[in-house]
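What follows are several structures.
Okay, so subunit A shows up in both of these, paired with subunit B first and subunit C after.
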Partner chain A sequence: MADRYSFSLTTFSPSGKLVQIEYAFQAVNQGVTSLGIKASNGVVLATEKKSTSDLIDASSLSKISNITPDIGMVYSGMGPDFRVLVDKARKSSHTNYKRIYNEYPPTRILVQDVARTMQEATQSGGVRPYGVSLLVGGYDADNGFSLYQVDPSGTYFPWKATAIGKGSTSAKTFLEKRWTEDLELEDAIHIALLTLKESVEGEMNGNTVEIGVIGPASDHLLGFEGVKNIQGPRFRKLSPQEIDDRLDAI
Partner chain B sequence: MSDPSSINGGSVVAMVGKDCVAIGCDMRLGMQALTVSNDFPKIFQFNNAFLGLTGLATDVITLSEVFRYKVNLYNLREERKIEPETFANLVSSTLYEKRFGPYFVGPIVAGINSKSGDPYICGFDLIGCINFAKDFVVGGTSSDQLFGMCESLWEPNLEPDDLFETISQALLNAQDRDALSGWGAIVYVITKDKVVKRLLKTRQD
Partner chain C sequence: MDVILGLTTKDAVIVATSMAAVRGVSILKADDDKTRVVAPHTLVAYTGEAGDTVQFAEYVQANIQLHGMRNETELSPPAITSFVRSELAKSLRSRKPYQVNILIGGYDTATEKPYLCWVDYLASRAQVPYAAHGYAAYYTLSLLDRWHKKDISLEEGMKIMEMCVAELRTRLPIDFKGVQIKVIDRDGVRTV
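Here is the complex of A and B:
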C-alpha cells in the first residue's frame, strides 16, 4: 500500500503552479475570519467561534491555543489540521529546543519549525498540504513582541496587523486605517473586536468570539512565589466576561 | 592504560568575582608519565561563553569542535550570540546524549550574560549533570588540590585584578602538587567590556 503513494501528490502544473497548495488556500479562505494585531506592549489574536447549531457547547472548544507560555496561535481553515499542528508545535518546542537549551524557543524559531512542517506536506509522498493558515503571536527577550502568518505553502511573514479567512480582505483594509506604531494592548483589543464585528454574521458576545493575548507576564499564574528570575506566562485567553465587558464599551 | 580521565592529564578552574569571572587551565598534554606537549590549552571561547575541558585529550578536541559547530549554527539560526547559561545547557544535553558511551571529560563553563551583566560559572560531570556554583568550579587530575586551594583562597566580590591573583595562585599551587598537570598555565579574566588573557610563568616540570 505504501509503495503506491511514495511519490508526492503535490506536483507542478504546466503554468508553474502547485495546484494542491492553491486549493489549500481556498480551504483557508472559506474558513472563519481570524486576525492578529501587534501593539507596542503586546499581541492580540482574535477569531469568531462559529457554531452550526445552538446545541453545540462552545466553551469546550478552543480555537486559540498556546504553544509555549509566551507564544499563542490561531487559525483559519480546517480545525483538525490546526489541532495536529498545535500538537506538533508544542512537542517540537520541547524536543527540538527546551530539552537542549532549557529555555523556550523565540517566536521566529518556533514559526520556522511550523513552517517547515507545513512545507514538508507539499513535497512528501502520500500526504496533502495542511488546510490552514496560522497567525502566531509571541514574545521573546531579544525581539520583543512579534506576529507571524504561516500559509499552507510553508511561507511565513511577519506582520504588524493582519487577518486571514473569509473576511480577510476587508478586515485588512480596516486594519490598515486603524493600526498605528504606538498602539497599546487595550487599544489593539478594541480594534480587534471592531474588525471582527464587520465579518461576524450572527450574535457577537463573549461566547461567540475568542480573544488571546500575549502581554505582560502573569506571575500570579505561575503557581508559586519567591523564586527569582522566573517570570509567569505571557499568553492568556480573555474570559467570556472580559470580552463582554469590552464589547459593551464599543 | 585504564582510567581515561587520567591518561593525558590537565586541570581547569573558574571563579566568580565582582561583575567579573576568571577561568584558567594548565598547558600539559601527556601520555601517562611522558609529557608530549607544553602547548595544549584547554579553554575554548564560544561568543561570550568560555568552556574549559579536561580529561581524555581526544574527547577535549572532538568536543571543542562539536561545540564550535553547534554554536555556529545557533548564531546563524537565532541571529544572536549564545549566552553562558544557554551554552551550559547545550553542553549538558550534548553530554547526556552519550549517556551509555560517554565523552571522558570534566567540562566547566564561565562567562558574563551580555544582557544582565551577571557572572555565570558551572561545572559538569562526564554525562552532563550541571553543578551550578556561586563561588568556584574545578576540574581535571588536580581537582582535589584545586578544591583545597579555592576553598581557602576564594572570597566573594574580588575585583578583576585581585581575582586574577587568587585564581592564578589556586591553579599554580594545585597543579604543582599533581604529576599530570602543569607545564604552563593560561588565565582569562572576563568583564562586561573586555577579556584579558594572560600566560603564567610556571615551573616547567
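Here is the complex of A and C:
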C-alpha cells in the first residue's frame, strides 16, 4: 500500500511541464484577489475577506498575518495551506535565525525560506504543491521596505506593486498606471483600496476588506514601556473603522 | 599567558593580541596571529586551550562566511556575537566543551558605531567599551579604567594601548614577544 504513494506526484510531462504545479496555479487564480504595493516609506498588503454567508463572523478571520514584527504575509488560494505556511515561517524565523543571531531575519531571507518549503512540496514523494501564492511585505535595516511574491513552484520575485488571484491581471494593469517611485504610504493605501474596488463583487467596507501595513515602528503596539533602544513592530492591521474612514474619502 | 586586549574609539575598535606561540618550555613562533577575520567588518580574537582556539575560531569563520555567501549580506557584529555565544553554550553541555575565550571587535555598518564584546568559554557575553582576557586583564583593566573615555580618537586609543602593553611588559613574568594590533572601522579590518 505504501508503495503506491512513494513516488513524486510532480513528474515531468512530455512537454516539459510539471502539471501539478500548473494546476496549483489554477487553484491560486480561482482564489480571492490580493495585492501588495511598495511605497517609499512602507508596504501595503490588501485582500478581500470574501464570506460565503452573512452568518460568518468576519472579525475572527485573519487573512493577513504577521510573521515577525516587521514582516507580514497575505495569500490567494487555499486558506488552510496558507495557515500551514504562516506557522512554518513563524517557527523558522525563530529556530533558524532569531535563536542564532538574536535578531529577526531580513525579508529576503525569510522569503527564501518559505520558497524553499514550497519547492520541497514539488519534489518530494507523497505530497502535493501548496495551493497558494503569497505576497510578503517587510522591512529590514539593510534593504528598507520590500515586497515579494512566492508561487506554488517555489519561485519568488521582488515587486514594486502586484496582485495575485482572480482579478490579478486587471489589477496589475491598474497598478501599473498608478505606481510611482515617490508614493507615500497613505497614497499606497488609497490606491490599494481603489484597485480592490475593481475586483470586489459584493459590498466593500471595513469588514469585507483587510489591509495590513508595514510602516513606521509603532511603539504603542509593544505592550510595554520604559525599555530603551527597543522599537515597536512595523506591521499592523488597519481596523475596520480606519478602513471605512479611508473608503469614505474615495 | 596569551594576551588579548580590545578598546573602542569613536569610529573604530583596536584589538591587540600577543605574538608568542608557546608550547611547554619553548617559544614556537614570535609572529602568531591570534585572530580571524570572520566578516568584512568583524574580527574574532581568541585565547585558551591549544587546538580548541583555532578550531573554534575557524568554525565560526566558516559559518559566517557561508552565511555571507548564501545570503549576499554581511551579518552585523551583534548578530555574529549571538551566533558565537550560542555555539559556546551548546558546546558547554557536551562531552568536551571548547575552552576558548574570545573578544569580538567589529564595526556595525547599520548603526555606524564600533562594537566590542567579551565572550568566555562559559558562553557569558558582555558588550563593553574595553576588554581583556586572562592574566592581562589584571594589569590592564585598571589602566583602561583610568584613561579610556567615550569617543576618543584613534591616536588617543593607540596611546592607551601602548600604555597597556608597556605595563604588561613590566609585570608579566614571560616574554610575550610584543603584540599585533588590528583596527576595525568602516573600511574593514586592517593590521597596524
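The rule we apply is simple: the second predicted complex is superposed on the first by the 246 of 250 C-alpha atoms of A that agree within 3 Å, B and C clash if a C-alpha of one lies under 4 Å from a C-alpha of the other, contacts with A are read in each partner's own complex, and residues count from 1 in each chain.
One rule holds for everything that comes next: a residue touches a chain if its C-beta (ideal position, glycine included) is under 8 Å from a C-beta of that chain, and two chains touch if they have at least 3 such contacts.
Source: prediction; values computed, not measured.
Overlay done on subunit A, so just call it for subunit B and subunit C: clash or fit.
These partners clash in the superposed model.
Check whether A:F224 is in contact with subunit B, with subunit C, with both or with neither, and answer first, second, both or neither.
A:F224: touches no partner chain.
Kindly classify A:I100 by the partners it touches after superposition: subunit B alone (first), subunit C alone (second), both, or neither?
both
Both subunit B and subunit C contact which residues of subunit A?
99-103, 106, 109, 141-142
Show me the residue ranges of subunit C that touch subunit A in the complex, using the header's touch definition.
Listed in rising order, the residues are 71, 73, 75-76, 78-80, 82-83, 86, 110.
So in the complex, which bits of subunit B are touching subunit A?
77-78, 80, 85-86, 89-90, 92-93, 115
Which bits of subunit A are touching subunit C when the two form their complex?
Where subunit A meets subunit C, its residues are 99-103, 106, 108-109, 112, 141-142.
Which stretch or stretches of subunit A touch subunit B in the complex?
Contact set of subunit A toward subunit B: 99-103, 106, 109, 141-142.
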